[in-house]
Amino acid sequence: MRKLIKQWEIFIQGFLLINAIWLISSIILNINVVPNPIDVYKNLNNLFTNDVFLHVFYSLKRIAIGLILSLLIGVPIGIGMAYSKVANRILFPLIYFSYPIPKTALLPIAMVLFGMRDGSKILIMFLIIVFQVIISVRDSVNNIDSTVYQVIKSVGANKLQILWNVTLPAILPQLLTSIRVSLGTAVAILFFVEGYGTKFGMGYYIIDAWSRINYIDMYIGIILISIVGFLLFNLIDFISEKMCRWSNK
Amino acid sequence: MVLVENVSITYKSINEKTQVINNLSLKIEKGETLVILGPSGCGKSTLINALAKTKTIESGRIDYIQDGDRKALSSKVHKIGIIPQNCGLLPWKTVMENYLLPLKIRHEEINNETNKRIEEICKSLDIIPLLHRYPRELSGGQVQRAAIARAFILEPDLLLMDEPFSSLDEITREEAQSLFLKIWENYKPTTILVTHSIDEALYLGSRILVMGTNMGNIKYQIKNPYFGKLFPDEVEYLSIKRTLRDKLKPDVKNKVI
Amino acid sequence: TTKNQTPNETPNEVQNETSSDIPTQEATEITIGMMSSSDVIPYVLINEIGLAEKYNIKLNLEVFTSAKDRDAAFQAEEIDGVLTDYIGVCMYQNANFDVKITGITDGDYLLLAGKNTGITDISQIKGKSIAISENTLIDYTFDDILKNNNIDNVDVTREVVPRIPDRLELLRNDKIDLGLMPEPFATLALNDGAVLLGSANEFDLYPAVSAFSQTVLDEKGEAIHNLYKAYNEAVDYMNKTNIRDYEEIVVKAVGYPEEMIGKIEIKPFRTSELPPKSEIEEAIAWASNKGLCSSDLKYEQMIYDVYSE
Amino acid sequence: MRKLIKQWEIFIQGFLLINAIWLISSIILNINVVPNPIDVYKNLNNLFTNDVFLHVFYSLKRIAIGLILSLLIGVPIGIGMAYSKVANRILFPLIYFSYPIPKTALLPIAMVLFGMRDGSKILIMFLIIVFQVIISVRDSVNNIDSTVYQVIKSVGANKLQILWNVTLPAILPQLLTSIRVSLGTAVAILFFVEGYGTKFGMGYYIIDAWSRINYIDMYIGIILISIVGFLLFNLIDFISEKMCRWSNK
Amino acid sequence: MVLVENVSITYKSINEKTQVINNLSLKIEKGETLVILGPSGCGKSTLINALAKTKTIESGRIDYIQDGDRKALSSKVHKIGIIPQNCGLLPWKTVMENYLLPLKIRHEEINNETNKRIEEICKSLDIIPLLHRYPRELSGGQVQRAAIARAFILEPDLLLMDEPFSSLDEITREEAQSLFLKIWENYKPTTILVTHSIDEALYLGSRILVMGTNMGNIKYQIKNPYFGKLFPDEVEYLSIKRTLRDKLKPDVKNKVI
């Protein structure tokens, strides 16, 4: 209970701080791309006439599917590359070559294969995040101190058991970091993939407002996305705290 | 019976290759408790790790013979319990979870009897209040006791212990030692124990082996008549002790150079 | 204020009036990809005033925020047709994507100078900078305006800024001297003090067109024919009706800021037809000169007559 | 020397593998958004008539400045957040709120403030990467086992000495992972920031080709960016190997 | 002189608060070598860490008095050398770099004399060939010797050693112990040594202190007449040994319950 109150305190404090910075810079810069936050909040009711929950829901759905897919595929590949020489030999150059390709340039292919609705959106999101996950999982598995395997190997555990009892818990803290980073990326990609083929999503809301040069609405969208992002990050922190109790300092 | 034949072990780093054990052969009888003494850095832990299959050997073979049936020693087939020098508790599991994990992996049923055994062992080692702590919340000696308990609970066929009692105070150590003897009496696991204490070697080893500094050569071996006897006050005991001490000293030729 | 009026009052009447000839077979779906601009008004009206039902089509308007996204969707056959321009069609053709111009659309492109640049006449733009997109109709239009004013274009620094809102912002903040903009951005800039130097329509240049891929034309020829009938009817409605009656629809579709309600003006639109041959040939010449298509491209390859029947 | 040969072997093998996959999929899909690699390679000379080195140079410059700035600012902030309760209290909500904001939506502000040349490009790149760096540095500092500080604290080291001798080496492996991930992100962002106000850069090359619907050229650009990315990743691996010799397995 | 006054120390985890030391007061004279014995988990390492300023104390104070001048003990002002129970070598530095780091931090000049001292100490501990290795390439005993050398090289005013010889074989241990005595003779650092070996306590401690299990209470203290004497064969020696052993045993009331 006290913890919850503290969380809220931090939330409100951070929120006020951000708005203070924003207010000051809007006054100093005095350009209309940075509207005064007070004007923005005056128009906040736009949000509710604009199906705010639908926007949030669509975006969350896309983020969730994209992120979960990336984890489901990226984590095993990353672990495989760290453990198997053969897998590494084949995958490592493949990944090093394809990671730098700007995935957004693959949009035409994504649309041909998956249409312009959520299919291509999630594919692009997946393609961007999965590499981040693969690289960080591979690196963190490589950094595991080999002595932690001693006992479990000596009792004859199979690969799966080692994976579940040693590898995964050992990389969990870094995996959570990687999820945090990927989450940030995923939210940012919304802004790209919700620019086509949809009328819902927080990214759409911002882009739409932007192309209407309605900076008030655009900033309302940005506030919305940043609050949702904040809550998602806190969710991950909460999970992290529950799952890494053993290393809690 | 465990048969170590012509085993060589090396460590590789980027620009170096260090051979630690060269062509070692060794026979450990079933139910024997073999104690290995040796100067620091001679390769005792390396050998233990090789037996536990956590360090790959460069050449040679390690076999397990049971009822005349000779098979390569394997952690999948044979039940190996190990107390590594760093204790090897998984930091993300509580002490209790650390105990249950090997049992789960070996698909052993956790019935009333097992629970009773676990409780008994933990009581003897005085770690009942620590069962729900994570390893980093324990003191050095508590970690070691937890590791001892884990190995004993498993009831392994081959028990490997690398300086298991080094961080225990004398009283606790004696309790742990006598617990080991009791367990050994019970079902006679083949045991290899690395220690630095000659007293401990004479108390717990049915055979004692002294390794030299030279690539894991065996300098001296002795069947121990004082196995299981605490503080024997005989002259011969002291003389064996002295011999072992002498053998532990670096080779004379090393000294001269 | 106008805001509180029901915008659909008039449209509903039209709907009731036309609902007499209820279609017998199922309506053909046509999806058109577009970017917000005043060109889209008739298309929005087709849906809003019930013309779609009347002509038995189901018209989906898919709005894109970037031409690249729109082209990608077009190539993926996610959309049947696009609102594009001469240059776009040249490039489609060049990429072996058989896209045909089926009609013209209306919309102007205004050449504007920033309020603090001191430029008041097009003759003063030498050595100035313009925010523009490359290899697009804006690029082409700018060249055309320069040519019609007999200005050598070499002296203008062209800065590539893909998004039109960004160009507007640069112009407003004096980061750039000139901009060539469609509605509603042009109006916004003018409201902000920008100076009008010229426009595309002023020289009878109407480079924007609607286009469909040949495959779709083969499949849905009938429906597309109906679409243009509906389009023409929508244009008639626009030209005959007071803009205030459908202003909300325009504001939403084109993306005018809300405070413009009551002030929006629209030139009369033309009914759809095929663009004149000479204009297309000029565009082909321009594009091939830039290496965007082959100079062998012919007018006949670029157009498709849906009005023949 | 032998190592170098092996590197080349991997490079060539990966390159062939990628191209094989590409060839097969171009044949199977048979759509013109996926051109046949053979056609692409036939036109490879386009690249050299097109100032390839200038494109690469400009992009590398932008990546380097963006990445280095992000590290210079992100690493201290991340460490500060992990060590100082006060810094964390102030920065944590600020960062959790601003990380999810799609930085590309801030382009108008960036352009107005820093012009449309490299200033705004690097600002956007910086804004995207710095959060990834902050989050992963903060998390990895938090995950350092507290016992490594024992000895250095007992000899009275000051904060800077502890930082240099313990904190930085301890997080180095994760920092390198974070640099790898950020590098991939930076290359991808090129595609966005080189879309305006420049005529040079690999991102520009691809976007330009895309907007001309010239898929051959677009893929040439993608090949270029992926080779450059591969080499950059290998550079980091090389640095990582030199700097983390102590943990080399 | 080090003065520990009314010190209490607790460990906090999320849902628990464990008090380990409650209201401990202790005086360590300058140049004294105080040996602390105590059952496993009684709080010895915790106390050492508190003295080394790596564990914060909840209440009380720890001061250092020099020439009548009383100051809070501080690792910035006073030269503290520590051998933690886990040895505390930085894994990313070679053994040699681990030695040089504390010297660099204390801004000590590394002149010929220092180099000679380092070489001498390393020779005595037989770790010269290991100086360019990283800690993870060493055996358990080698790590411990490296940590001992690091603490000795620093020539600290206050030397804190937490079971520094526990992983050494008897010969090496004796060499290390006599090295300590030599160094101590040399410049008389105030020393606190935690050990589990009563023999070691009697050999190296000018004063011996036995901690109880009850929140760091001091159960027994003795000035040691056998300080520095190896294998004294006197009756009284054995009786002191027996007393210490008895004191190490858990309190009777605990036993009964």
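Here are some notes:
Order as written gives the chain letters A, B, C, D and E; numbering starts at 1 within each chain.
By definition in this document, a contact is a pair of C-beta atoms (placed from the backbone, for glycine too) under 8 Å apart; a residue touches a chain by one contact, two chains touch by 3 or more.
Every value quoted in this text rests on a predicted model; they were computed, and no experiment measured them.
Path length between chain C and chain E in the chain contact graph, taken as the least number of steps between touching chains: 2. By C-beta contact pairs, the most connected chain pair is A-D. With centres set at the average Cα position, the gap from chain A to chain B is 48 Å.
Chain centres here are Cα averages; for chain B and chain E they lie 28 Å apart. Distance between chain B and chain C, defined via averaged C-alpha coordinates, is recorded as 83 Å. Looking at chain C, residues 68, 71-72, 75-76, 163, 165, 169, 173 sit in touch with two or more other chains. Residue positions of chain B touching 2 or more other chains, listed in rising order: 13, 86.
The multi-chain contact residues of chain A, meaning those touching 2 or more other chains, are 31, 33, 108, 112, 207, 210, 245, 247. Here chain B touches chain E in the complex through residues 11, 13, 37-41, 44-46, 85-86, 137-142, 144-145, 162-163, 166-173, 196-198, 245, 248-250, going by the rule given at the top. Chain B makes touch with chain A in their complex at residues 49, 52-54, 74-82, 84, 86, 88-94, 101-102, 105-106, 134, 136, 150, 154, 160. Within the complex, the chain C residues that touch chain A are 36, 62, 64-66, 68-73, 75-79, 163-165, 168-169, 172-173, 185, 188, 255-258. Looking at the complex, you find that chain A touches chain B at residues 147-158, 161, 165-166, 169-170, 172, 244-247. Taken together, the chain A residues at the contact with chain C in this complex read 31-33, 107-108, 111-112, 115-116, 195-197, 207-208, 210-214.
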